[in-house]
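Labels A, B, C and D are assigned to the chains in the order they are written; within every chain, residues are numbered from 1.
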Amino acid sequence: MRCGIRNLAEDLPDADAVAVCTPTNTHAQILLDAAARVKHIFCEKPVELSLERIATINAALEKAGVSLMVGFNRRFDPNFLKVHEFIKPGKIGAPHVLRITSRDPAPPPEHYIRASGGIFLDMTIHDFDLARYLMGNEVLEVYTKAHVLVDPASRKAAYGYDQRLEVFGSKGMVTVKNNTPDNHVYLDSVGTHSSWPLNFFMERYTESYLREMQGFVDSVRENNPVPVTGNDGLMAVAIGLAARKSAKENRPVRLSEIH
Amino acid sequence: MRCGIRNLAEDLPDADAVAVCTPTNTHAQILLDAAARVKHIFCEKPVELSLERIATINAALEKAGVSLMVGFNRRFDPNFLKVHEFIKPGKIGAPHVLRITSRDPAPPPEHYIRASGGIFLDMTIHDFDLARYLMGNEVLEVYTKAHVLVDPASRKAAYGYDQRLEVFGSKGMVTVKNNTPDNHVYLDSVGTHSSWPLNFFMERYTESYLREMQGFVDSVRENNPVPVTGNDGLMAVAIGLAARKSAKENRPVRLSEIH
Amino acid sequence: MRCGIRNLAEDLPDADAVAVCTPTNTHAQILLDAAARVKHIFCEKPVELSLERIATINAALEKAGVSLMVGFNRRFDPNFLKVHEFIKPGKIGAPHVLRITSRDPAPPPEHYIRASGGIFLDMTIHDFDLARYLMGNEVLEVYTKAHVLVDPASRKAAYGYDQRLEVFGSKGMVTVKNNTPDNHVYLDSVGTHSSWPLNFFMERYTESYLREMQGFVDSVRENNPVPVTGNDGLMAVAIGLAARKSAKENRPVRLSEIH
Amino acid sequence: MRCGIRNLAEDLPDADAVAVCTPTNTHAQILLDAAARVKHIFCEKPVELSLERIATINAALEKAGVSLMVGFNRRFDPNFLKVHEFIKPGKIGAPHVLRITSRDPAPPPEHYIRASGGIFLDMTIHDFDLARYLMGNEVLEVYTKAHVLVDPASRKAAYGYDQRLEVFGSKGMVTVKNNTPDNHVYLDSVGTHSSWPLNFFMERYTESYLREMQGFVDSVRENNPVPVTGNDGLMAVAIGLAARKSAKENRPVRLSEIH
């Protein structure tokens, strides 16, 4: 499997599958090109920034009989998988409240942000997908409150990469704490000290990336449905667009308002 | 109930019970005096530093029909009680290893140490009693390794009062962590920080002192056996003396060697 | 100090201060009565359910030179005080997000709820006050999402009384975890197990009630301003009313809309 | 690099280094064979069960100019490395007490134990090496207490693989807790539950095996001294033999007694 912007026809004459890990604005062309040559495509999130274009891509791929897996790697994280294992068989009863904490240690470079679609489409889109996945339900309405507090394009946690989650249900609650590089605790004459959260996504989500790609390869090999579909890619972007609209208009926005 | 060195005949003509919280070397006289006037005595640990004198006191009190409760307050601590609740009904199976961590934040004043009998009789005696209480068994042998590392009369944990415990059994393990003054966690750009252990015994064991005294009062009022007996006081000192001997001779010492 | 609905003139001819711990709908009359006889009043929250009546009471007491302390005990909790100690000197930088988790183990009896003003005025009012206290700022806008999920008057956490908090700032974060009755950890062949959160407010907030009352007594004795004022009581109710309105109208409500 | 019992001359005519991961009783022959053909050998612990044979091997390899690295992988574990980072620059002051908890989830098969040298040479030998490594000092004396409590060849923790450690020093303490497969916490109407420790050494020490082998390869490539030497292999076995003698004779045994 190779990653990059290439002339797929020449470079991958005998590939069964491709993984598209290029910038978002190149996805549409690459995906449609690839669909003419391979049967299986993995594409990094977000597939596109417009719902219309995603719908077009999804339809084209479906027509061509090509399966598309979207790169929401957090579904494959051991912590979040564990939460799913608790929710699915009803161990927490009916899930009432899901609370995801997702904070980056530092904002990405400005040129990245300029093309990224903004915080709701490049960063919290992971959380939107995770919400759908864990709750097993579609989002109906979004209310967002956003302020520029650090610099005009920023998200920053001074203490590192904060990736926690809790689901409260009628019979109990399951939470996940941050992963840390080690489990030491140091006590001195001042207090008790331990490690920072793992920093950054490459360290924190290593295991999920491996399992994600394994999931793709397995579905290709065994001819099974991909674990994260083109529709999942579409819905997460729809929530992101609703979040953006809500932040702008300071009101709850229903998903049905987003086209 | 009053505490102090007094002429009990004059001061407490109508008391049912006394609590003796004076220095160890005054216990024998006060206990024997008190036994002539009241039916119930609470005495701080250690009752005495010699097994012979403790045996004499225990015999005299028994002959006089006076009940003696010895002040091993840790048996009344919510953490250690919880451990007892796990051990007793066999939740950890057969207990194989008990490990008590007991470290003071600073050594006591020199004049106190001079009359105290040393670290095994004034401090770790609490742990010796706790071991008997939790394991529900007598100690057969003691091996002690001791060094003077801080100053010639010292025990000191730079990070405060360390009071932990774990019991490993054939079916599981139960541990207790230190109590802290609060449950905050602070994360900054350096790491994760939380509170020191509660410092010192007055703060850490407040609840156990209250419950201990309540236990004494209840046994007096309801004419029940005291929860910690004169024999418990005797056995803890015997272990302390064995520990002292072991440290001196660098070999395991059997309790049967101690008289 | 005595608690109850009494004819204050007869019962407390020589009292300096009173503590009013009666149902909310009796507060107005008792406070105004008391103001004629004593100089210092402690009153449980909420003082009243209408902003107008609270304003009237506050004005009357002020005119009479009587000091009113409102019973927001959580300001005196060691955990939350610790958070305040971090925020105040800027240890977390500028505070950006405060997240309070406040869940009861079971709903109160129906007759209580009928007169209580509802969840935003009888329960989360504590959190509204805590938010003002910790952030050192007034609330400008409230957005609330509420559903009846358990029964038509309910708030319930199956795992007990959940009282956590975190403040995220530009330089760090401080959180408080739940307090537990003990610090044991039990490991068996299934997993790792520890205690429930302390349950319910009488156990969880014992320390804060003691410190709160001490704070009132100290301010009376030393003729100092009370630590929680009539205006604090007014503002918390205003936020509660905004929360109610927001939940009803499903939109963010500005405090300036509440009268 | 390949692992196995082979005719090294035929199989590895052009190898620079070999890793010997065969049973202990095959080590001597393989190591001496390998020394004639390669310059660098990695050998699993223990090198041999007799000090004399290890000394002979070490001498032969040294004479042949061959470097030997012994497989004490725990020196490369992120948790224990962190502890080393605290001890080395004096962050805990002078280290006074090291306490290693090392419990297996289940005993190895009987045939393994028969040739393994017993618990002190096949299992706790890791801890003996870790002690030397972390304390930066040689062991002078060993006191061991051992009982057969599970079955005649057993070590078993019902709750999994317990790998903890703490070092207490004059200025502070550093501990490491067990690693877990995930960081979830589940609260229900019974209590608070979280994951078992990672189980077993393949999962718990994956990272250390990778770093260990990387350390060997790096030392080969860069012609540097190996990070764990033949003498380290010798000393750990000496401590193991002293531990065995101490358990048998129920007395502290000095290392100088072991030949």
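As a working rule, a residue touches a chain if its C-beta (ideal position, glycine included) is under 8 Å from a C-beta of that chain, and two chains touch if they have at least 3 such contacts.
Computed from a prediction, not measured in an experiment: that's the story for all the values here.
Asker: Centre-to-centre on C-alpha atoms, which chain is most distant from chain A?
Answerer: So the chain farthest away from chain A turns out to be B.
Asker: I'd like to verify one number: the distance from the centre of chain B to the centre of chain C, where each centre is the average of its C-alpha atoms, in whole angstrom.
Answerer: Roughly 41 Å separates the two chain centres.
Asker: If you average the Cα atoms of chain C and of chain D to get two centres, how far apart are those centres in Å?
Answerer: Using C-alpha averages as centres, the distance is 56 Å.
Asker: Among all residues of chain B, which ones touch two or more of the remaining chains?
Answerer: If we look for residues of chain B contacting two or more partner chains, we find 158-159, 171-173, 187-189, 195.
Asker: If you connect every pair of chains that touch, what shape comes out? Choose line, ring, star, complete or other.
Answerer: complete
Asker: Okay, in this complex, where on chain D does chain C touch?
Answerer: Those residues of chain D that touch chain C are 158-160, 180, 187-197.
Asker: Within their complex, state which residues of chain D touch chain A.
Answerer: Those in contact with chain A are residues 78-79, 81-83, 86, 91-92, 171-179, 181-189, 195.
Asker: Within the complex, which stretch of chain A touches chain C?
Answerer: It is residues 93-94, 96, 103, 143, 145, 147, 149-150, 156-159, 162, 168-173, 250-252 of chain A that touch chain C.
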